[in-house]
Every structure is written in structure tokens, then in C-alpha cells.
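Presented sequentially are two complexes of subunit A, the first with subunit B as partner and the second with subunit C.
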Partner chain A sequence: MLAVIKSYALEGIEGYPVDIEVDVQSGIPGFDIVGLPGSSIKEARNRVRSAIRNSSFDFMPRKVTVNLAPADTEKNGSAFDLPIAVGFLAGTEQIPDAALKDYVIIGELSLDGGVRRVNGILPLLISALMAGHKKFIVPRDNAKEASYILGAEVYALQTLSEVCSFLGGILDSKPVEHSEYSSDPGVNKYGIDLSDVKGQNAAKRALEIAVAGGHNLLMCGPPGAGKTMLAKCVPTIMPDMTFEEAIETTKIHSVAGCTDSEQGVITLRPFRTPHHTASLISMIGGGPNSKPGEVSLAHNGVLFLDEMPEYQSKTLETLRQPLEDGFITVTRIHRVIEYPAGFMLIASMNPCPCGYDGSRIKECTCTPLEKRRYKSRISGPLLDRIDIYADVDGVDYSDLKTGIPGENSAAVKARVEKARRIQRERFAGTLTHTNARMSNAQIKKFCTLTPGCDRLVEIAFDRFKLSARGVSRIIKTARTIADLRGGAEICETDIAEAIQYRVRETEA
Partner chain B sequence: MTYSAADGILAEVQAGEYLEKKGYRILDRNIAYKGAGELDIVCEDKKTIVVVEVRYRKDGEYGSPLESITKPKMRRIIRTAERYLAERKLYDRPVRFDVVCVTDRGCEHVVNAFYGDFY
Partner chain C sequence: MNGKLGALVWMNRICGFATQKMQRLLAIAGDADIRRQFPSLYARVAQMMGSDTAGLMMQTCTDEELLNREFDLLARAGIRTISYADEEYPALLKEIPLPPLLLYCKGDISLMQTRCIGIVGSRDPSRYGLEVTELFSKTLAKCGLTIVSGLARGIDSTAHRAALEAGGKTIAVLGCGIDKIYPADNAPLYKKIEKDGLLISEYGPGVPASNFQFPERNRIISGLSEGVLVTEAGQKSGSLHTANNAVDQGRDLYVVPCNITSSRGFGSNMLIKKMPHCAVFSPDDVAERLGIHGYKEPVSAMQLDFIEEKLVAGLGYAELNFEQLLELTGLGASELNATLTKLELFGIIKKLDNNYYGV
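The block that comes next holds the complex of A and B.
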């Protein structure tokens, strides 16, 4: 007998429907899986056999052919275990098949007949829901993640026997209750606060602007000045994620398999800190299954590159496309996948190998050649994509000693939230979330410059030999500064401040 | 310890009696094809064709007789069974491969000892 089960497979962060056809015939017993199964699916038959036997069903010897349609795309992962097992039981008439066509079934099996969690439940269900499917059977451990999808009737079950008695109408299971998203501000969970960083007021201001508008930031200064500490404070002043952003980010993390089943969705903005030995693939994504890389995991959050010149130049250069476009295209032989990569880059570096060039603390001991070599590790095109350049020099002892704490993160975060709110209203109905991601058309529309501002930009353009991109980035930064101030129009001080963040001292 | 041919024949007779007692209908014994393998007993359990491999072991011997059926042996049995089923036009019937181990203490019956693709 033939049984057909509906399931879904992942292609990047989208799901596509897979019909699992299980044909059970008499004859020499065997169990074949066709339709380009990857090795993890070929192994499914062993799991399916044990799970069926250990759920006290009969794995009767029959000639079984399982087809995963569409048969021309290679499929991977273990999410088909459960539908294959259900298909076998329906094909051997051990369970009724009347209810099967209503459900999309996803789940991995353990040998004892339990249903294990799978990666990518959120994107799979969203795609299936958009295709018109309403009822889903998913692993219990994925329940929380699935509960955020409005309109889906999700049944989260724990064992194969539960699934079968549910499909047979014996077990009455309630669909998972819909969870309301809350951005979860609560307490500062990061164990660090901006008020812990003494002095560095200029850098803090730069940080605030960068976070408020999603601008890329490069901090430069001697060792021990507080660059890393400042960067670690970034999550504490980042605005809470909206539901749309949370879903976007969770989709990627779900595909990568790093969501936890308690929480379900990612509510805190990602702060990714890949080490400088990170390989190219781990940064941009790829590998046999075209997994998302660090740039995508940092989507809607921060990618922090500590000691930027230490990264392989090849790795750094790959950041250029995602920095500009907000997505990355991972091309492999079998598939081309586009992952979102709308991250904010925060990088830190020393001004020279010894670290004290231009510092008032210590004399630099580097030769001009050493300095030049060090600087050349970061290419011009990459630097051109950085909107804000902040010098973080060492602090005075008096600053360290004074009991006057600086502003705490909550106060800064409130201002950032306000600026982001303005941006949300401005970009309502578009795909843009932040000023930094404005298109040229949007710049024209939202950033009208007064003649005075225009004049300032022109002077800067000639004096500092800016690029066309440089100009648009200055205007975007100025827009954010105006938003922080609450101003509707960009004024000359905003432009002036934006210009001075753009220009590196050494180039002036 | 070596077995004589008589031991083997005796074991197959014992196994046959045992299966008949269980309600199986014996269809054939000792099917042999030139160049292919041999089927010890072919019987019928209701609608299912059961191909039985008979093993004989003295008590106390090391290792289960099941372990003495290697993958090439399974493959040979499956190949022979295919030919048998084709000849008797039985290929649309469910098929099962069993092993009956005959020991001094009696018969041990392993249902579904292996599948058509022996995993």
C-alpha cells in the first residue's frame, strides 16, 4: 500500500515541501530510500526500524520503497525520520491513513521511539504556513520555537506511539499555545555596564551614535585603553529587538542549530565575537550543508572583530559584500543560498604594532615601514565602509580614581531606543530598519541638506578626498546624530560631527 | 568437533517437524540450483512465504549459530530465494527469512533473522 506524508526541508532559511511516499509491497523484504537522500537520511532506516519495534509496532518484512519528492534535490538532515516511520505504519495498515493528509510532520527519531528536536523548525513552519498548511506535528522540544507562529496549529509530541495514537484519534492532544513575543528588557544580563568604563567620553558618544543608527565602528587606540570593554558594553545599550527582527534572527540561528528549546526565539540581539583565527567559511557560511556563518548569525546584531589587523586579509575582504548589501550569497555546487547578513561591524585595532602611535601615554617604537605594513593589512575598500572611526586613547589616573560614575547603560539605551523609534517610523513598510541601511533613494528622500550643510560636505569632499560612498555614509551618520538629538532636519553641527568621525587623524 | 552429513539431515528433519508443529505448511525442502545456493526449508505461515535456514550446533559450543550466517551466506540465500519465488510464481507474496537452530535441547526459532537487504 502507498502512503504519502507531507514534510518540509530546509533550503537556506526557507523551507520547501517534500512529499514522502512510502510504498509497501510483498516480495523479498528490503528498505530503500530514493530521491537523493544524504547520508543522514540513508541512516534513517536503521532509526526507523528500531523506533518502530521499540514502540511495540511490527516492523514487518516487506519490500519498502521510500521516495522523497521532489526527487532531484539532495536532502539532508534527520527531520524525515518521523514521517518515514508514520508512512511505513500507514503503508502496512497499522495506523489509519485518513488523517495523514492534513498534517505536515517533522521530527527525528531515537532508537527507543522518542521524537527528537530538529533544527530549523521556525523557518520550516513559516514556509509551510505560507503555502497554506495549517496543522503540524513537531517534536516536543521544538514546541516553544513553533509557538511564536500565529495561525499555525502545532501539535508537539514526544514519542512515535503518541504521534500514532494522535493520528488514530485515540490520543487527544491540544495544540501548542501561542506565545506572545516580549522583547524582554528586564535586568542587565551582561554583567557589564557602560558606567564601568571610566573616562572615554568621546568614544562612548561614538558608540552611542553607531548603535543608534547601526553604523559600522572602528576603535583605534593603545593596548589596555578600554576598546574591548567598550565593545562588550554594546549589547547593554542596543535597542530591544522587534518581533520581525527576532523572527529574522531566530530563523538563521534555528538553521544553524543554536536556539535553545526553553526560550524558543532569540530575544537578545546577537553579539558575535569570532576569534581572529576564524576561517573564511565559518565567517561567511558554507560547508557541505551551506550553513550560515558568523556574518549571518550576527544579523540584526553586532559582529565584533577584536584586533582587526590580525584577521586574515582574505577573511576581512569577504565582509565587503555583506557590509554593503546586508546579505551574503553562499554559492556551492549543489545550491546557491542567500542568507541575511545585516550586522553592524564593530572592530578594534592598535594604531601600530607596538600600539602607542599617537598616544600621549608612551612613545611609539615602531619604524615607519612597520607602521605602514600594519595599516596595510586593512584594505582601503574595507575602511571606506566604516562610518565611524573613534580614537580611544589611554585614560588619566584621575579619571580612573574619581568616584563619579559615567552614564549607565540604561540611560544611553533609552536615547538609542528613541532614535530607533524615529527610524522605525521613517522606514515603516520598507525592509530598512536603520539609517545605516538606507538606500540612495531613501537618502534623497529623508536627508535633505541645507545649503550650509551642503557646503560643509563639499569642503570635506575636497579636503579629505572622500569617495562617493564616503559622502553618503557621512549623510547617513549625520541623520542618526540628528535623530539622537530629536531634530527633524540635519543641521550643520550634525554634519560636522559626522565628518570628524569619518576622517582618520593620520590622513588629515 | 566435526559434523557428519547425517547430523545435518537429522537437524533438517527435526526443524521441519518443529515448524509443522507450529502450524507452518512445508512447501519444499533442500532447493538447490546450480551455481546458486541452497534453501533448507521453504514453508508457508498463513500467507507469508518463510524461507528457513537450518543450523545445527552441539550444546555448549562457543558462539550462537546465528553468528555463523555471514553476509555472503545471506546474499546467497536471498539470491536463491528470488529464483525460487520466480519459478513458483510466488513473487507477489510477502516473504520472510527465518533461522531455526537445532541443538541437543531442541529448536530455537529466530523470526525475521535478516531482511532482503540484510541490515
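The block that comes next holds the complex of A and C.
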């Protein structure tokens, strides 16, 4: 007898429907899975057999053929265990098949008949819901994640026998209660606050501007000056994630298998710090299963590259596309996948390999060649995508001890949110969200300079030998400074301040 | 082709002789044109340099075509050749022991007739060394002196660059072939000097840089100059060599005192210890000893407000970092940044490394 179960598989961060057809015939006993199963699916037969027996059902010796339709796309993962087992039981008439067509079933089986959590529940369910499916059976451990989807009737069950009783109408299970998204505004959940960083007012101000306008930031300073700590504070002053952002981010993290079953959706902005030995694939995504990489995991959050020149130059150069477009295209033999990658880049570096060039405390021991090599590791095109450059100096001990605590994150965050609101209104109806992503036409439209400002830019252009791109970066930054101030027009002090943050070209 | 020049180019480019050998050959020839008279000199040359070398010279001495091709090559590369007998040859350089007989030049050769001062120092200078170099080079260039240095990394490059930035003139004496850029990262500076200054070398095109040539080059730097200024030299710096040359050649030596706690200025301080009268404390000191008027920076016409005055005064006392300036001025980070930019734009202050500012 033939049973058909609806399930969903992942392609990037979207789901697509897979019909699991289980045909049970009499004949020489065997269990075949066809339809391009990956090795984790081929192994499903062993899990299914044990799970069925250990759930006190009968694994009858029959000729069983399982087809995963569409048969021409390669499938991976363990989410088909449960639908295959249910299909077998329906095919052998151990459970009634009347209710099956109403449900989309997703889940991995353990040998004892338990249902285990799978990755990517959120994107799978969202895609299925959009395709018109309403009822879902998912693992209990994925319940929290699934509960945020409005309009879905999700049944989260714990064992194969529960699933069978439920489908047979014996077990009366309630659908998972819908969870409201709340990001607890005003509560700092990051375990760090800007007021913990002593001194460093120049860098703090640079951070504020960078976050307010979505500008990429490069910090340069000796080891131990507090660059990493400052970077860690960035999420605390970023605006709270909206529901849409949270879902987008959770989708990616869910696919990558790094969500937390307690929490469900990700409410904190991601702060990703890939190590400098990170491979190209781990950074941009890909590999056999085309998993999202660090740039995508940092979507809506911060990608922090500590000691930027230590990264492989190839890895750094791949950041150019996501920095420009906000997404990354991963091309592999079997598929081309587009992952969102809208992150804010924060990079830090030392002034030289030993870290003490120009320091007042310690003498630098690097040769000129070493210094030049170190600096040349960050290519011009990459540097071009960095709007704000901040020098971070070491802190005096007296500052550490007695330093008056500066502003806390909440106060800065309030200003940032105000500036972001102004930007949202400004760019309403366009694809741009922040000042950093303004096109040239938008710069012309929104950043009119007074004659005074114009003169200032002109003097700076001559004196600091700026490039045309350098000028547009200064104007964009000045726009953000004006937004922070709440000013409609860019004034001279805004431009003057922005000029301080220009990227200082290293001397030839 | 000019007899003397032709003879020198023949010996240097075709026979491959350096200055010392050329001088010995010219001494043998006396007043005669060595190329034309070579057959009669053959025996003595063979005795001095061996018959192989003399034989080679014999083969090429009258080959006009070969020589013309060499001159063509030089002309096409834009290289001027000046022999010690030419009137363009700087008089001062003739006074030194073993002056270069043949100079390859690119750029404005009239600069060799101007008053020159050599500025030399470490290839791996401290920030202080660079700052001092910039100050002296800029000011002295503005006084009308031509800055002579060796286009090496560090102090040398900074001296050249500062002179050009101040709108002054500069001569770079290379320790490698005139067409070689060493170190290679000085290519932009090389091109700039070729355009606005003068590049000279004792070595013809194609000669690679090699260790022994740099000390030889140093004697030309001091030879061209009325005085040599050492801005920062470590214990084993090549610039000490230039300083010794200067003294041997009877030139003035000026040394800027360095930080006594840093090994980077050890050589400079040792020079001062040995020759205390060499110490100079400002560009005016140098100008005074050379008998020229010091250069006065025109007073900025910009009106400073109260806080800006305070800031500039504070920086005049010591270099301060951003945090200290916040405390000094009582401004917020945002206003302070704006103020600093304004003062920086008008050239009153400048930003240093690690968020420090100075005047």
C-alpha cells in the first residue's frame, strides 16, 4: 500500500516541499530510499527500523520503497526520519492514513522512538505556511522556535508513539501556544555596558556615529587599549531588533543549527568574532551542505574582525560583496544560494606588528619593511568601504582607577535610535536604510552643503589630499552626525568632526 | 663626441671601471686623449691591469659605433652625463678626495650650483627623528638651501619629501644605478624628485644596489654640501659614515641632540659628545652658521577663540592625547573633534599617532 507524507527540506534559508512516498509491497524484504538522499538520509532506514520496533510497532519484513519527490534535488539532513517512519506505519496499515494529508511532518528519530530536534524549523515552517499549509508536527524541542509563527497550528510531540496516537485521534494534543515577540526594551542583556569602558571618549563617540549611520569602523591602537571591549559594546547601543529582523536572523541561525531550544528566536543582535585563522568557507558560507558563514550569522548585527591584518587576504577580499550588497551568493556545483549578510563591520588593528608604533609607553621594535607589509595587508578596496577610522590609545592607570564612569549604553542607544528614526523617514520607500548606504544621487539629494561647509571640504581636500571617495565618506559621516544632533542641515562643525574620522592613508 | 666625456663613458660603461681605476688610467694618460692614444699606452696599462683587461680595452677603444650607441641609450633614458671637467660639475665636489669623475643625472642639473646642505639619518627612525627631520628640512628648504640626501628609507626620504612639500629643492644621491629605484617603495618619491629636483649617481643605468656602494655614495652627499646635518643616527647608522666624511672633507657638521633613553639616537649623541660644537637646536642655528637669514613662518591670520587659544597653548607645552584635551578644554568629544579639525586644517596643530596631538 502507498502512503504519502508531506514534509519540507531546506534550500539556503528557504524551505521547499518534499513529498515522501512510502510504498509497501509483498516480495523479497528490503528497504530502499530513492530521490537523491544524502548519506544522513540513507542511514535513516536503520533509525526508522529501531524506532519502530522500540515503539512497540511491527517492522514487518516487506519490500519497502521510499521516494523523496522531487526526485532530482539532492536532500540532506535527518528531518525526514519521522515522516518516513509514519509513512511506513501507514503503508503497513498500523495507523490510519486519513489524517496524514493535513499535516506537514518534520523530525529526526532516535533509536528508542523519541523525536529529536532538527535545524531550520523556522524557515521550513514559514515557507510551508506561505505555501498554504496550516498544520505541522514538529519535535518538542523545536516548539519554542515554531511558536513565533503566527497562523501556524503546530503540534510539538516527543515520541513516535505520541505522533501515531495523535494521528490516530487517540491522543488529544493541543497546538503550541503562540509566543509574542518581545525584545524587552531598555534592558541590557549583553553583560557589558559602555560605561564599563573607562576613558576612550574619542573612540566612544566614533562608535556612536558608526552605529547611528551603519558605518563600518576601523579601530587602531596598541594591544590592550580596549578595542575589543569597545567592539563588544556595540550591540548594546544598537537599536533593538524588530520582529522581522529577529525572524531573519533566527532563520539563518536555525539553518546553521545554532539556535537555543529554550529561547526560540534570537532577540539579541549577533556579535560574531571569527578567529583570524577562519577559512574562506567558514567566513562566507558553503561547504557540502552550503551552510551560512560568519558574514550571514552576523546579519543584523556586528562582524568583528580583531587584528584585521592577521586574516588571510583572500578571506578579507571576499567581504567586499557582502559589504556592498548586504548579501552573499554562495555558488556550488549543486546549487546557488543567496544568504543575507547585512552586517556592520568593526575591525581592529595594531599600528604595527609589535603593536607599539607611535606609543608613548613602549618602543616599537618593527622594521620599516615589517610595518609596511603589515599595513598593506588591508587592501585599498576594503579600506574604501570603511567610513570611520578611530585611534584608540592606551588608558592611564589613574583613569582606570578613578575614572568617572562615562555615559551608559542606554543613553547612547536612545540617541542612536533617534538618528535611525530620522534615517528611516528620509529613506522611506527606497532600498537604503542607513546613511552609510546612500548612493551618490542620494548624497546629492539629502546632503546639501552650505557654502561654509563646502569651503571646509575644499580646504581639507587640498590639505589632506583626499580622494573623491574620501570626500563622499566624509559627507556621509557628517550627515549621520547631523542626524544625531537632530539637525536638518549639515553644518560646519558636523563636517569638521567628520574630517577627524577620515581614514588616514598610510604614507608610501 | 667630447673627448673627456667620451673617454669616461667608454671606461665606465664599456670597460666597466669604477672611479678609482678610471683615475689611475687617466693619470697614466696625462693630458692625452686616452681613447685615441690607447695603443701607445697599451704596454703600461697591461703591466698595471693585466693583459686581458688591456686587450679588451684595445679592442673597444676606437669603436665609435659602440660608444655612440651607449650615448644614445643614455639620451633616450633621459640621463645626462657630467664629467669632472664640465662646467656643470659642482666646484665643491671637486675638493674632496677621490671625487666622482662621471656623474649620471636626471632632473634639474642647475641645482648642483646652488647652496646645498646634506640631511642624513637612520633608516629606522623614531617619531622624534622624523619630526626633527621634517622641521629642519622644511625650514632650511624655505631658506633657499637645496636639501641633499640619499633616498634611503626613514630620515632620507622624509628629508626629501619635506623639502618638496615646502616648495624647496632637493638632490637625491643614489647608491645604485641612476635608473634603479632602491628601496622600491620610494618609487613615487623618485618620480617626484626627477620632476622637481635632481637625482644623481656615480653608477650608470642597470647597476644594482650593493652594500659597498652606499658608503661611496655618502662621500658625494657630504661632498656636494656645505654642511651635513645628522637628525637621528643609531649606534651603527650609515649616516655616521657620512658625518665622518663631512669632517674629513672639511665640511660643517650639525647634529641634533636625541633622546638619551632611546637607542635610536645613540649615534647622534655620541657625535655630540665627541664634537660638542656640532650640536644644533633649531633650524635657525644651522642657518646662522651658514650665514643666511633664518626663515620666519608668517603668523597665522586666523582668529582663535578662547578655547582654541587654550588648546594651542596647551599643546605648545606638551603633546597631549584626546582625553587630556577633553579635560583641558572642557568640551565634549564631538565639539573637540570639530575644533581639532579646524586647527588642523589651518596647519596650526597636527594629529600624531595614537590619538595624540601636537603643534
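Going forward, the second predicted complex is superposed on the first by the 416 of 508 C-alpha atoms of A that agree within 3 Å, B and C clash if a C-alpha of one lies under 4 Å from a C-alpha of the other, contacts with A are read in each partner's own complex, and residues count from 1 in each chain.
Please note the rule applied: a contact is a pair of C-beta atoms (placed from the backbone, for glycine too) under 8 Å apart; a residue touches a chain by one contact, two chains touch by 3 or more.
These figures come from a predicted structure and were not determined experimentally.
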### Task
Figure out whether A:Thr331 sits in contact with subunit B (first) or subunit C (second), or with both, or with neither.
neither
### Query
Counting only touches as set out at the top, which of subunit B and subunit C does A:Pro29 meet: first, second, both, neither?
first
### Task
Kindly classify A:Ser467 by the partners it touches after superposition: subunit B alone (first), subunit C alone (second), both, or neither?
neither
### Query
Does subunit C touch more residues of subunit A than subunit B does, or is it the other way round?
C
### Message
Just to be sure I read the superposition right, which of the two partners does A:Thr430 touch: subunit B = first, subunit C = second, or both, or neither?
### Response
neither
### Task
Kindly classify A:Ser313 by the partners it touches after superposition: subunit B alone (first), subunit C alone (second), both, or neither?
neither
### Task
Answer with first, second, both or neither: which of subunit B and subunit C does A:Thr450 touch in the superposed model?
neither
### Task
Could you look at A:Thr277 and tell me whether it touches subunit B, subunit C, both or neither (first, second, both, neither)?
neither
### Query
In the superposed view, which residues of subunit A touch subunit B and also subunit C?
none
### Query
Okay, in this complex, where on subunit C does subunit A touch?
123-124, 126-127, 153-154, 185-189, 262, 264, 321-323, 326, 333-335, 337-342, 344-345, 347, 351-356
### Summary
Per the touch rule above, subunit A residues touching subunit C in the complex are 199-202, 204-205, 221-222, 351, 357-360, 363, 367-368, 372, 391-394, 399, 456, 459-460, 463, 481, 492-494, 496-497, 499-501, 504, 508
### Query
In their complex, what parts of subunit A are in touch with subunit B?
26-32, 45-46, 60-63
### Query
If you look only at subunit B, which of its residues touch subunit A in the complex?
78, 81-82, 85, 91-97, 112, 115-117, 119
